[in-house]
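A, B and C are the chain letters, set down in written order, and residue numbers restart from 1 in every chain.
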């Protein structure tokens, strides 16, 4: 049987793809931001926190990193609902993505924070900075700069993984693709188009994070060198 | 006019790292305006002693008193007062690499002393002038030589107007050519009347600039006294050997 | 409506065997593809490098779910109806191949240049250099990250549930549809995945530490 590729559906279906991409962007920007905050706080706890808290965070990280995102999403959406907490698909998606992102970010930020040598902390201490001031001004920004490539990769991975939330009918790009292909029966073409859109989104996100890096890391912007 | 009071009092200080007793009861006083050089072989405990005075290490026995405040005690109020009074310069300079020279200096001024930004920047310019690096104010640490970075580190501590400055082998990591510029700054500071305690291998500097020399050996003050007299008449074999090997 | 009992648990554990099988298929297929891609990436032929690089970038920039949909629904509409196991195996192979290719390329490049020079001076040709000097060392470097990546493979088999393949995640959905206790069931499912993945994670970390200690 010969199959002829037919992309003609794009003529009137293209707004749907744009809308779907926009929904994915909204969903993932929120999840990435919150997940990053969660991960940074947990990373700090892992390095400086009370031993019991450190173990709790360690437990959280291991559980999330050794179980599939799909199952995590099911637990949040279906599981919590059966316990009485009925959340919308979008909120469930965000919660699951934030929890997931938080665990991976914790490990990445932990490595970055530990790369800040103890002598830097001592210098800040001798200048009179308290713990919180030291963490904010001396530790966090250089730590982030050191692990920025790993962070960027993780952010992009999360954006791609958001496609899984289509399984609980969250409104995003993959769900849109499923709808269009059930309308037009051109499954192959639809998923090719969506793959291209995701590739474009990946490139867009990488560019955005590169630009953010330029803004955040003034020293790097001016000197062009890696942090020693 | 007040008598020359003791800015730093060290009394019977004992410091242990686990089973290892690094300081075995150290006692001496530093008067205002004095420059003290602590010398000795590696492992004699001199850096540890300095770090205890700076409050970076806790002590297991004895007392340390800086400007009337006890050191080595828990409690953050005490710590804050200590930080205002003591400035510390490290062997590895420890400048913050992601901040400009100016920001390195103004950071503590704005955060700790709560100075407004404009005032802090003026102070930064002033102290950089003192160490001769006004033109490097907008540079990043990695753009400076080792000697320049160390001078910025000194300026950074000076900006907080401490009562006493501690120097922990600040020229040991530098090439010989760069050592001179840092020692010159320290000498200038001493002449201006800053109370200084410096752990150093630079015997020439110690002899020229220090008022008091403390020779440490095996965690104890082995010999102590005014510079010229101490070097002219060493009382112990260890110190004699030490001078001989350092010159 | 059934209640959760040992039968349900056994059903889940039995489905986990399919998870393991699919993981092994993905790893086997992915390894072959990955090795080819890695070698292509370091080859002297520019076209090969470009092709391999392009493929890896496409796979790494597309969600695995989309690759699955293409293999199952996409090919299905074209007339190539693959059963879920084959579609899932194919998709995971394409996916694993790209990532393993990247990891292994890194390991090949991490072997010191001096090894190339030494073996070249001894008169070995390119194939012999690879077979006897470079690859053996690259393999040793590759073991920790490869074991680490196996964790990703196992987790990603859960997506095969979306095209109806009955592995652990799908089994969980099936049990849930008859017992309606999603929290308990999916927590059990997660626990079984954890039991499969955590030992691999620990092993990868231990291997990483050993290889650093050896340096």
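Keep in mind that, in the parts below, contacts are C-beta pairs under 8 Å (C-beta built on N, C-alpha and C of every residue); 3 or more make two chains touch, one makes a residue touch a chain.
Given the structure is predicted, the values throughout are model-derived calculations rather than measurements.
When every chain is reduced to the mean of its CA atoms, the largest separation from chain B belongs to C.
Nearest to the common centre of all protein CA atoms is the CA centroid of chain A.
Distance from the chain A centre to the chain C centre is 21 Å, each centre being the mean of its Cα atoms. If you average the CA atoms of chain B and of chain C, the two centres end up 57 Å from each other. Taking the mean of the C-alpha atoms as each chain's centre, chain A and chain B sit 46 Å apart. On the chain A side of its complex with chain B, the touching residues are 119-120, 122-130, 133, 137-138, 141-142, 145, 217, 219, 222-223, 225, 227-228.
Those residues of chain C that touch chain A in the shared complex are 58, 60-67, 69-70, 73-79, 151, 155-156, 158-159, 161-162, 169, 172-173, 176, 180-183, 186-187, 189-190, 193-194, 197-198, 201. Those residues of chain A that touch chain C in the shared complex are 1, 3, 62-63, 65-72, 74-75, 78-83, 156, 160-161, 163-164, 166-167, 174, 177-178, 181, 185-188, 191-192, 194-195, 198-199, 202-203.
Contacts from chain B toward chain A in the complex involve residues 54, 56, 76, 80, 83-84, 86-88, 90, 92, 94-100, 107-108, 111-113, 140, 142-143, 153, 156-157, 160.
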